[in-house]
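First chain written, first letter: the chains are A, B, C and D, and each begins at residue 1.
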Amino acid sequence: MRRVLASERDQSAGAKPGHRRGKSAGALPPVYRRRHYLTVVAFLVVIALIGAGNTENMYQISVFNNALTISVATVGLYFAYQLGGMFAFSQAAFMGIGAYTSAILSPDYGFVFSAGVALIVAAVLSYGLAFLLRNAKHMYFAIGAMAFAEIVVLVLRNWEVTAGPTGGGNLYGIAPPSVAGYEFPLPGDIFWFLLAVLGVVLLLSVLLERSPLRRHSLAVKAIPQVTESNGIDPRRSAMTLFTYGSTLGALAGVLQAHSLGTIAPESFEVGVSINLFLMLLLGGAGSLWGGVAGAFFLTWLPEFLRPVKEYETVVYSLLLLAVIVLFPNGIVGAISWLAEKARGWTGRKGKAANHA
Amino acid sequence: MSNFVALLFSGLTLGAIYTLVSLGIVILYKATGIVNAAQFGLVGLGAYIAFWASTDAGMPLLVSYLLSIVVMALVGVGLERLTYAPLRTRPVDSVFLSTLAGGFAFVGLIVLWYDAEPRSLRSLFGLDTVTILGAPVPKHSLFVIVVCAIAVAALSWAFNRTDMGRQVRALAFDRDAARLQGIAVNRLSIITFALASAMAGLAGILLGPVAALTPEMGLSPMLFAFGAAIIGGFGRFGGVVAGAVLLGLAEQFGGGYISTNWREIFPFAVMLLIIAFRPEGLFGGEASARL
Amino acid sequence: MTMLSISGLRVQYGNTVAVDGLDLPMAASGALALLGANGAGKSSTLKAVSGLVPYEGEIVFDGVSLRGMSPERIARLGLIHVPEGRRLFGNLTVLENLRVGMTARGRRGGGYSIGDVFDLFPALREIPGQMAWTLSGGQQQMVSIGRALVGNPRLIMLDEPSLGLSPLVSQTVYEALRQIAAQTPVLLVEQNFSAALRICDQAVVLANGRSVYTGDVAGLEDGQLLQNAYFGPSESSAKS
Amino acid sequence: MLEAKDIRVKFGGNTAVDGVTLSLDEGQVVGIVGPNGSGKTSFLNAICGIVPATGSLTLRGRQVPLGRPLKVRAAGLSRTFQTPQVFEDLTCVENVMLSDERFRRTGFLGATLARRAMLRDEHERTERALRALATVGLAALRDQLAEGLAYGQARYLEIARALAGRPAVIALDEPSAGLNAEETKRLADLLRSVSEEGVSLLIVDHKIEYLSRICDRIDVLELGRLIASGPPERVFKDPAVIEAYLGT
């Protein structure tokens, strides 16, 4: 017992990245030895540096804020779809649930409390939906999730509480985020708040990646029947990840509501969920960084497509088709594949053991 | 009473349209194993081709309808040539996602061709109505119901009585064993792709006068069509038709007796509950393990 | 004249080599038994011939090379495969299964009629409208063979027809096979050696994907060679 | 250790397993043989809960409901499959860590709030996995993705996973399929050493020769019924068994 505790203490103090134990018998599987934390810190620093330069430029920073907000939703989609194997066409709907709950509560209860309630509501609803559809597989679940999403949008559009039906569900004048009295009035300030939230989300996600949950969900997604005869309930890990992913979707909705100040049901429809899928797949569904890369790429793309606005839908869908059929590993997949080659890791065949 | 009859007929009309879209999806799945979520784009395309033919090209309405159906059949053949090989071997969920993306590509094309502004497609019967049991029922609704009934009768006859129908059912059950009997799978897949696209186009044409013409007009009907297919267990046509009518009536009666704003919630709720509690469908059927 | 000639056949699934360089010439008439223990490569050989699995080597049927041909085209040439486990279309009736079998006639036409099949298997005459998934093992086997016969086979391949059949039922099935073999060449994969003996004149015994015996069935009378092929070389007579 | 009474499996009109009763004591190795289509694999799938079946099953004295794979595994019965089932996207050590009677702290809470305890479990699971990998001789491949494994190695990985999950009984479905004579011999030695650690083995297979060397008892199935049961020497001489194999 003594020996295990020693190596364990060493491991859990692994907050300081890069301390690699030799390949001794007790070493945990490779996923635990990846330098996740380092990558998160590096990413945040890079974005902070780029962002700091533009906080005055209103236009640039709002695109940045949008990318940071959407990244939270696509990281959530990574957990629900890529790890959990669940067709989360409901992701945009959960963004809507988060956005409206916090927008409606925040004038009376303040930002932090209402955001908390929004996440809890989303977690309960998403767990309920996953439980309700636990026997529905693949396409059936997708249709069920879409039906749920359509119901949510109808509710937002017609419920008096969400300024329906006369107001068409459009809410205005939503206060910017404020934490413990500290306000983030201007888009430049909101940028730092969003970056901090994304940082927390990424760190929490890395904790999930470095845990049995990831191993179980990948196994369940591959061959569910075999995991069951090995003692793993295929539904439990998938439902957990769907709930976590949808709750992150709600958090993105909260951030969107309080950074833009206005929200409307149209921005939470099924089409938006499909765009989130596009971002995740384009970025590279193989890792949570795919979600972030896809979100940044596709929030910048419309800026380039500005002159040919009406082509946007065609370009988006052809892009999604190309990604699925031509290069399933997306941007991050390609990068890690190149990194693999660069390191000349001839011994390792095919995909790297686990993406960073 | 007359309110009930009016709602009944408008429910049946929607049910008929969902049936046409749903049968297109089910038949294509049985023959090729591909779940075609691009159907909603084809519904829109069919409606817009009829709109173009009847307004810009000035053709008579009936001719525009037929032209649209023929063009949609050719689009189906093109789709088969383009997507059948790559999609054939891929897992169900990535097929669903890529066909869904394909559907939005069609929507994009429509937006490029016209624009996103809602339009409307005239019906063969204009706005004439006929009174049944005291309720003014649009002739177009009766036309839709009759056309759908004919289509369902023809399809179930073909499926149960003809060689080709049996071959498609054999393919759906055990693809390799069916090929060992000499069934020409490539020819069948072209025919079913053309048939499914034509039916989607027809659904678009019939839906035009009932709902506004928008590039994404096919999305909700396709969702309900998938719901109907699931209720019918992706199997015998009877189950699929019943599922479609159930959803159509749920929408109209919900809208009529509870609230028009909320009317689409009822069919979606019915769908959600059925997928949750009876994923194999209300009417059994042969939902093969692959789904 | 050889109806079917297999030369240097090699079938591989991932890392497992199922058939490793098999040569099998089949005369234009009579019945050949392909024997061997489970996993010896019998079924894989048939699946290669009927185009279901990729293979290396050459397969020529009636002078035509089958390389690259799809299973449906091979079937329409008259080379009909009755698969292992019968694989009827459970969602179709007995009659409908037979009707689907007629597709293999293609432009050639001819072949057994439904009536001929019912004469051969009287038990089916009472259940034409019954759904196939409700049939017993024996009934399924009869329909499966009937489904091949209506396709006008010029060579019929059967994969373990007596699998899971009671001795009585397998008796009737083999009686029917004897009549069929009189008119159409039969390539029979079978584990039930003595049943195969009754209708086949030629035999090839497979072990680990290679043929360890090719020739008259008479050569296998003493059973020692078969014993080795089935139960593995016993300690005493272990060769190299 | 394992009591299966009157197990029956029907597929449509076809009865695959027709009332088979079989028992297994601790550390005992039983082989199940029979010609193709005799219901061997269906029997195995029935007691593992993968195929709907009737009859009763008790493991370590406790009654276990049929048709519930999770319950069967929790009661101590783990298994391998006819074609080896490995998770290609996971490393070998992770593959082997996927089997246990009960998984605690492997969910969201384990990864976050109860992380310290989770890591302790993970360490213990890794230790067990490495020991099992060493037993089957795959220790060197611990961090390699399972997709690169050869067929025989995948077979051994599955056995390691079954072993690592602290089972009372391991059921093996044709473990020697696709293995040559030399690999089969190595498999036989491995299975014998596993049984010597007190784990009972139920082996469904064809190669009689290696089974007769390592099995305490051989049960012969034909057409879903048990037609012979006893020590290998006696069973393989029994005319009824020879007839079942080579036909009347």
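By our rule, a contact is a pair of C-beta atoms (placed from the backbone, for glycine too) under 8 Å apart; a residue touches a chain by one contact, two chains touch by 3 or more.
Because the structure is predicted, anything quoted here is derived from the model rather than measured.
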Note = A correct list of chains touching both chain B and chain D reads A, C
Ask   = If you tally contacting C-beta pairs, which pair wins, A-D or C-D?
value = A-D
Inquiry  = Need the CA-centroid distance for the pair chain A / chain C, whole Å please.
reply    = 55
Query = chain A to chain D: how many Å between their CA centres?
reply = 40
Remark   = So, in whole Å, the Cα centroid of chain C is separated from that of chain D by 32
Where chain B and chain C are represented by their mean Cα positions, the distance between them in whole Å = 43
Request  = Return the residues of chain A touching two or more other chains; collapse runs of consecutive numbers into ranges.
outcome  = none
Request  = Please list all residues of chain B that touch 2 or more other chains.
outcome  = none
Key: Multi-chain contact sites of chain C, meaning residues that touch two or more partners   = 90
Inquiry  = Using the definition of touching given at the top, classify the network of chains in this structure as line, ring, star, complete or other.
reply    = ring
Task = Could you list each pair of chains that touch one another?
result = A-B, A-D, B-C, C-D
Key: Residue ranges of chain B touching chain C (in the complex, touch as defined)   = 163, 166-167, 169-170, 172-174, 176-185, 286
Contact set on chain C toward chain B in their complex = 50, 52, 70-73, 75-76, 80-81, 83, 87-92, 96, 99-106, 147, 151
Inquiry  = So in the complex, the part of chain D that touches chain C is made up of which residues?
reply    = 12-14, 16, 35-38, 150-151, 177-178, 180-181, 206-210, 223, 236, 245-248
Ask   = Which part of chain A faces chain B closely enough to touch in the complex?
value = 87, 132-133, 135-144, 146-148, 150-151, 154-155, 157-158, 164-165, 270-271, 274, 277-278, 281, 310-318, 320-321, 324-325
Note = Per the touch rule, the chain D residues reaching chain A in their complex are 48-50, 69-70, 72-74, 78-79, 81, 85, 87-91, 93-94, 97-103, 105-108, 110-112, 115-116, 118-127, 130, 143-145, 147-148, 161, 165
